[in-house]
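Common to both upcoming complexes is chain A, partnered first by chain B, then by chain C.
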Partner chain A sequence: MPRNLTFNIFRYNPQDPASVPHMDTFVLGETDSMTLFIALGRIREEQDPSLQFDFCCRAGVCGSCAMVINGRPGLACNTKVKDLPAEITLLPLPFFKLVGDLSVDTGTWFREMYQRVESWVHTERVFDPAQEEERMDNDTANRIYELDRCIECGCCIAACGTARMRKDFLGAAGLNRLARFLIDPRDQRTEREYFELIGNDQGIFGCMGLLACEDVCPKRLPLQDQLGFLRRKMALSVLPWKK
Partner chain B sequence: MTVDTTMHVSAPGRSAAYLDWLQMLTGAGLILFMWTHMILVSSVILGVGAMDALAYFFEATGMAQVGGPLIGLAFLVHFALAARKVPFRVEQQKIIWKHAKMLHHRDTWLWLVQAGSAMVILLMGSIHMWTVLTDLPISAAKSAARVQQWQWLLFYLVLLPLVELHVGIGFYRIGVKWGFIRRDNRAKGVKSEKVLTIVFVSIGALTLIRFLTLG
Partner chain C sequence: MLTIYTDLLCIGAGLAGERAAVEVAGAGFNVICLSLVPARRSHSVAAQGGMQAALGNAAMGEGDSPDVHFADTVKGSDWGCDQEVARLFCDTAPIEMRRLASWGVPWNRVVAGVHTYYKGGKPFEKEERKEKEGLIHARAFGGTAKWRTCYASDGTGHSVLYTMDNRAAQLGVEVHDRVEAISLIHDGGNCLGAVCRCLRTGKLVTYISKATLIATGGFGRIYRASTNAIINDGGGLIAAIETGVVPLGNMEAIQFHPTGIVPTDILVTEGCRGDGGTLLDADEYRFMPDYEPEKAELASRDVVARRMTEHMLKGKGIKSPYGDHLWLDIRHLGEKHIRTKLREVDEICQSFLGIDPVHQLIPVRPTQHYSMGGVRTNKDGAAYGLSGLFGAGEASCWDMHGFNRLGGNSLAETVVAGGIVGGRIAEFLAGCELAIRTSVVRDRQALDEERVKNLVEKSGGSENVYQVREAMFDVLQEVAFIYRNGKDLESGVERLKEILARAKNVRLRSGGVGANPELALAIKLPGMVKLAQCVVYGALKRTESRGSHTREDYPERNDRDWLTRTLATWREGADVPTLDYEPATPSFELPPGDRGYGGGRIIPMDNPPAGPGADKE
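Now for the complex of A and B:
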C-alpha cells in the first residue's frame, strides 16, 4: 500500500519584499524508487511551479541539491523517500546565503575558501607540455583522489556547530581541501606555509570535534580522520625541536 | 558578510597552536586527576583506615598542600582556554541550541552537555576545592560529616554526575580532535566513554553511600 507523503517545505523569496518566511505543506503519493528529488520535481510540476530548489546531475555528483532533510543536511537526489517517515520536513541549508525556498548559494563561500587555502598546486617547476606526464605512486594518487571526491555540496558546513557560531571557520570542506594538497608531492609548500593558512582558530584549531561533518557527508569522505591528521600535523609542527 | 577595510595582513603566529596544546594537556591532566581522585576517595569503601592512610600519605609528602593548589590552577587555566570556544553571546547560544535541536546528532549534544556542565563545575568545583583545601588534613570522618549534611549531599549529587560526564566526554573529544579516535575505532571510543562515565559515577555513588553510613 503506497503511502501518502506529507512534505513541509520552507518557503521564502528574499528578492520579494512581500515574501514572508513560512512553511508550506504538500501531499504526494509515494511511488517506487522515489527519491526526494523526484518528489520535489513532481510537487513543482503538479502543485506549485514557483517552488525553488537546485538540481543538476540527479546522481549525487554535482552537490547542488543539498538541503536539510528532517533535520539532517543531505542530498535530495540520493535520499530515497522509503527511508524517511511519511512526514518530511525540508529546509534550506543554513550558513549559506539563501537564494529562495530550498535553494542556497554555496558557490560564493567555496570560492572564497579556495582563495583562503590557496587551492592550487604551488610549484616552482616550469610545466613542459612536451614532456611525458610525471608518474605518481598509486597509493598517493588514491589518497588524493579520496579527498578530491568532495562535491562541495556544503552539507558538512551546514552541520558544523562551530561554523554555525563562527562564520569565519574554514570547516571540514576547507580543511579537507587543504589536506588534499598537503599529501600531494607536486605541491612544494612547506609545513610552515600550510600552518600560516590553517594554524589558527579559523582553521584546524577551531575544530571542536563535533563530527557532524563526518556523519552527514553524502560522499562518506574520511573527514574525521583528516581533521585529526591535520590537527596533529599542525600542532606538532610548532614544537621547539621541529623548528 | 565581512568588509575588509585594512591594508595590512595580520602577522601569522603560533599562539593558536600553543593554546590548543595547553587546552588539551590541562584537560588530559585533569581527566587523569579526576579518575585518580575518585579511586582514592573511594578507598573509604574498603575502610576508614584505608582512606585515612592514603590521606596521611598525601599530607606527609606535601602532595596535598602543593598538588591541591596546582590542580586548582590547572582547573582555572583549562576553563579560560576552553572558554574561547564556548558561546557566551546570546545570539551564538540561540544558534547552537537551534542547531542541536535541528540536527538530532549525539556528538553535537555531547558538546552542549560539556559546555553547560563546565559552567556548573567551575562554580561547584571551586567551592569543593576551597572547602577541602582550607580544612586540611583530609580524613574520612570529616568527609563523612560533610556528606551527612543534606545541603552538602545535594551539592555532591549534582557535582558528581556532572564532573564524570564532563570528564568522560572530554576524554572522547580529545581522542577525536587529536586523531586517536578515528572512523574505524569510533564505536570503541564511544563505548569507552560510556563505560568509563558509568563506572566512575557508580564508584562515586557508592562512596557517597559509604560516607552517609559512617557512624
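Now for the complex of A and C:
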C-alpha cells in the first residue's frame, strides 16, 4: 500500500512585496524509487508552479540542491523518500542569502571564498607547450583529488556552529580548499603565506571542533582530519625556528 | 533596464566558456561569463570518464599519436566531421592536457610495473614502463585504437572545471551566475550582445559586448530521457536561431548513450565498459560479442546503443515498470577497483538505485546523451551569419564529431576549442570598436519586455506550459530516438507545428513574480520546440543512415548524396526551418571508408578523393 506523503515546505518570495515567510503543505502519493527530486518536480508541475528550488545534475555531483531535510542539511536529489517518514519538512539552507522558497545563493559566498584563500596554484613556472609535463607521483595525485572532491553544496557551512556566530568564518569548505593546495607540490606558497591567509579566528582557529561539517558532508570528505592537519601545520609554521 | 558593457560576453561558464574566457582575459580584455547556475555547477562537472589526447604515456597507449587519434575521430564521426577541425583538435589536445596539469588538475599518473586489467570480463596483464612513471596516464574508451583517455579518478569533469574556475578567478574573470540569456541583440550583420533575465530577481538586464560567445552546452532536455543536467535546454541555440540569420548545424545528429540507469537516466560512465564491464540480457547472457565479435561492448556508442535496442526488440530485455532494460555487469572488476576507480558509479548505484554494484547488476538502457549539432562555426569558432558571434563546446557545431562523437572527445573539445576560439576572439577584439545603433538595442529590449509582460499579465493564452512540454517530449521519444523512419518523422513534423502554436499560447498558472520558474520555462518553450523541429525535420530530410542517425527506410550510409552538413535557419513567421547543405569537410585527409565496426552498406562517392583508403581494422 503506497503511502501518502505530506510535505511541509518553507515559502517566501523576497521579490514579491505581498509575500511573507510561511510553511505550505502539499500531499503526494509515493511511487517506486521516488527521490526528493522527483517529488518536488511533481509538486511544481502538478500543484504549485511558483515553487522555487534548485536542481541541476540531479545526480549528486553538482551540489545545487542542498536543503534542510527533516532538520538535517543534505542533497535533495539523492534522498530517497522511502528512507524518510511520511511527513517531510523542507527548509532552505540557513546562512546563505535566500533567493526564494528552497533556493539559496551559495555562488556569491563561494566566489568570495576563492578570493580569500586564493584558490589557485601559485607558481613562478611558466607553462612551456613544448615540454613534457612535470612528473607527479600517482599517490599524490590521488590525495589531491580526494580533497578536490568538494562539490560546494554549502551543507558544511549551514551546519557549522562557528559560521552561525561569525559570518566571516571560512568554514570547512574554505579550509579544505586551502588544504588541497597545501598538499599540492605545484603550489609554491610557503607555510608562512598560508598562515597569513587562515591563521586567525576567521580561519583555522575559529573552528570549535563540533564535527557537524563532516557529519553532513554528502561527499563524506574527511573534513575534521583536514582541520586538525591545518591547525597543526599552522601552529608549527609560526614557531620561531621554522622559516 | 540595467545595461552592462564588456569586451567579451561569454554566454556559459562551463568548460568551453571558461576556457575561452581565460584565454581572452589573459590577453588583457574584459570578460563576463553568464551562467544559469554557479559556474562550477555547469554540466561539465558531471563528466566522469575523461578526455582524449594522444600523449601515449600508458602501456596500452604506446605508439599512439595525433594521427591515430585523428583516424579514430574521423571514423567515429562516420566521415561526417570537418577533417581540418578534427586535425586541429587532435594536434592540440596533448598540449592542452599538459597545460591543465600546470594549472592544477590532479591527473592520474603512470605507475610503473605490472598491472591487471579487464577486457570483456577476462583479466589481462600489462606493464607500465619505468621511464614513463609520473606522466599523465590514460584509460580505454569506446571506438579508440589506443588507451588515450586522460582522467582524474572518475571525476574528470569536476576536477578540470574546478581548476578552470580557479584560473578564471585568478585572472579576474567575472561570472554572473543565475543570469539567463534570452535573446541576442544584432543588426542583421553584427552581434552586439544579449538581453538576459536575472534568475534572482526576474528583472531583464542588457549586456552590450564587442564579441559574444555561445557556450551554453548541450540541449538534451528537449528529450524526456536524457543524461544531461536539467538546465541543458538549449538557451544559447534558441537565441541563435531566433536571429533568423544564424544557422544551426546537423541538429539531427543526436547521440544516445548505451548506459543510462533506469529509471532516472543518470549516466554511468563508459569507463565501466572500458575497464571490462559487460552487458547482459534477461537470461544474464552476454550478447554484444554476437553482434560485434571484434569490439563487443567497446564498439562506438551509436553501435552499442543500436545493438542494445535491437536486442530488446527481440524480447531479450528485462521488464520493469519503467519499460524494458538490460544489465550492466561490473561485479568481476572487484570491490577495490569499483570503490576507488569507479567510485562515482558506485555512489550513483547506492544512492539512486539502492543497489551495490560489487554484488548486483545495474539496470541500464540507451538514453539521449550528446548533441553533435549546434551553432555552426568555422574552424576559428566564428558563427555563420553574424560578425562578432562565436561558439564553442557542445553548443557549437565546430564540427569534429560529425554524426557520432567518441567518448572522451567532447570534454577534450571544450578545452581545446575554448583555447583556440578564445585566441581568435582576442585577435578579433584587438582594435575592435563597436558602432551601435541604439534603436537596435531598444527594439530588442522592447520585444523581450513585451513577451514577459504578456505572460505575467496573462493577456490571452490558455495552455499549461508543462503539458505542452510533455507533448514535445512524446514526439521526440517516438520519432527521433535511436531508430527513425520517414512515416513517423513526417507525422512528427506536423505534430510539432501544432505544438509550436500551443507553446506560443501559454497561460501561467502562478503569478510570475520574481525568479518564477514557470515563467522561465514559458519564455523558452517556443524556442525549445523550434530546436525539436530542427531535429525532426533535419532527420526526415536526411535520407540515409550515418553515425547516430539511423533511418530504417534508408539503412545505407550514402556518401554519394549525403556527405554533407545540414544547416537549419529559422525565417521569421515560418513553421519549419529552412535547410541548406554544405560539404561535410573542405578537404579529405582520410577518404571515406569503412569504420571497421557497426556493419552497414555504403553507397560510395561518385568521384572519391585521391589518397589511401581508410585502413581496415
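Simple rule for what comes next: the second predicted complex is superposed on the first by the 242 of 243 C-alpha atoms of A that agree within 3 Å, B and C clash if a C-alpha of one lies under 4 Å from a C-alpha of the other, contacts with A are read in each partner's own complex, and residues count from 1 in each chain.
What we mean here is this: contacts are C-beta pairs under 8 Å (C-beta built on N, C-alpha and C of every residue); 3 or more make two chains touch, one makes a residue touch a chain.
Worth saying up front: this structure is predicted, and the values here are computed from it rather than measured.
With both structures placed on the common chain, the touch criterion links A:F229 to chain B but leaves chain C unconnected.
In the superposition on chain A, A:G161 contacts chain B only, with no contact to chain C. Touching more residues of chain A than its counterpart among chain B and chain C is C.
Of the two partner chains placed by the overlay, only chain C lies in contact with A:G107; chain B stays clear of it. Shared-chain residue A:L211: touches chain B; no touch with chain C. In the superposition on chain A, A:R72 contacts chain B only, with no contact to chain C. Comparing the two interfaces of chain A, the one with chain B and the one with chain C have no residue in common. Contacts from chain C toward chain A in the complex involve residues 37-41, 43, 45-46, 95, 97-99, 101-104, 106-111, 133-137, 152-153, 155, 158-159, 162, 165-167, 169-170, 175, 177-178, 199-202, 229-231, 263-264, 266-267, 321, 344, 347-348, 351-354, 465-466, 508-518. Of all residues in chain A, only 13-16, 32-33, 35, 37-38, 44-45, 48-52, 54-64, 78, 80, 99-100, 103, 105-107, 110-111, 114-115, 118-121, 123, 125, 127, 129, 131-138, 141-142, 144-145, 148-149, 151-152, 184, 186-187 touch chain C in the complex they form.
Listed in rising order, the residues of chain B touching chain A in the complex are 2, 12, 14, 16-21, 84-85, 87, 92, 95-96, 99-100, 102-105, 107-108, 111, 173, 176-183, 186.
Chain contact summary for the complex, chain A toward chain B: residues 68, 71-72, 91, 94, 159, 161-162, 164-165, 167-168, 195-196, 199-201, 203, 205-212, 214-215, 222, 224-225, 227-229, 231-232, 234-235, 237-238.
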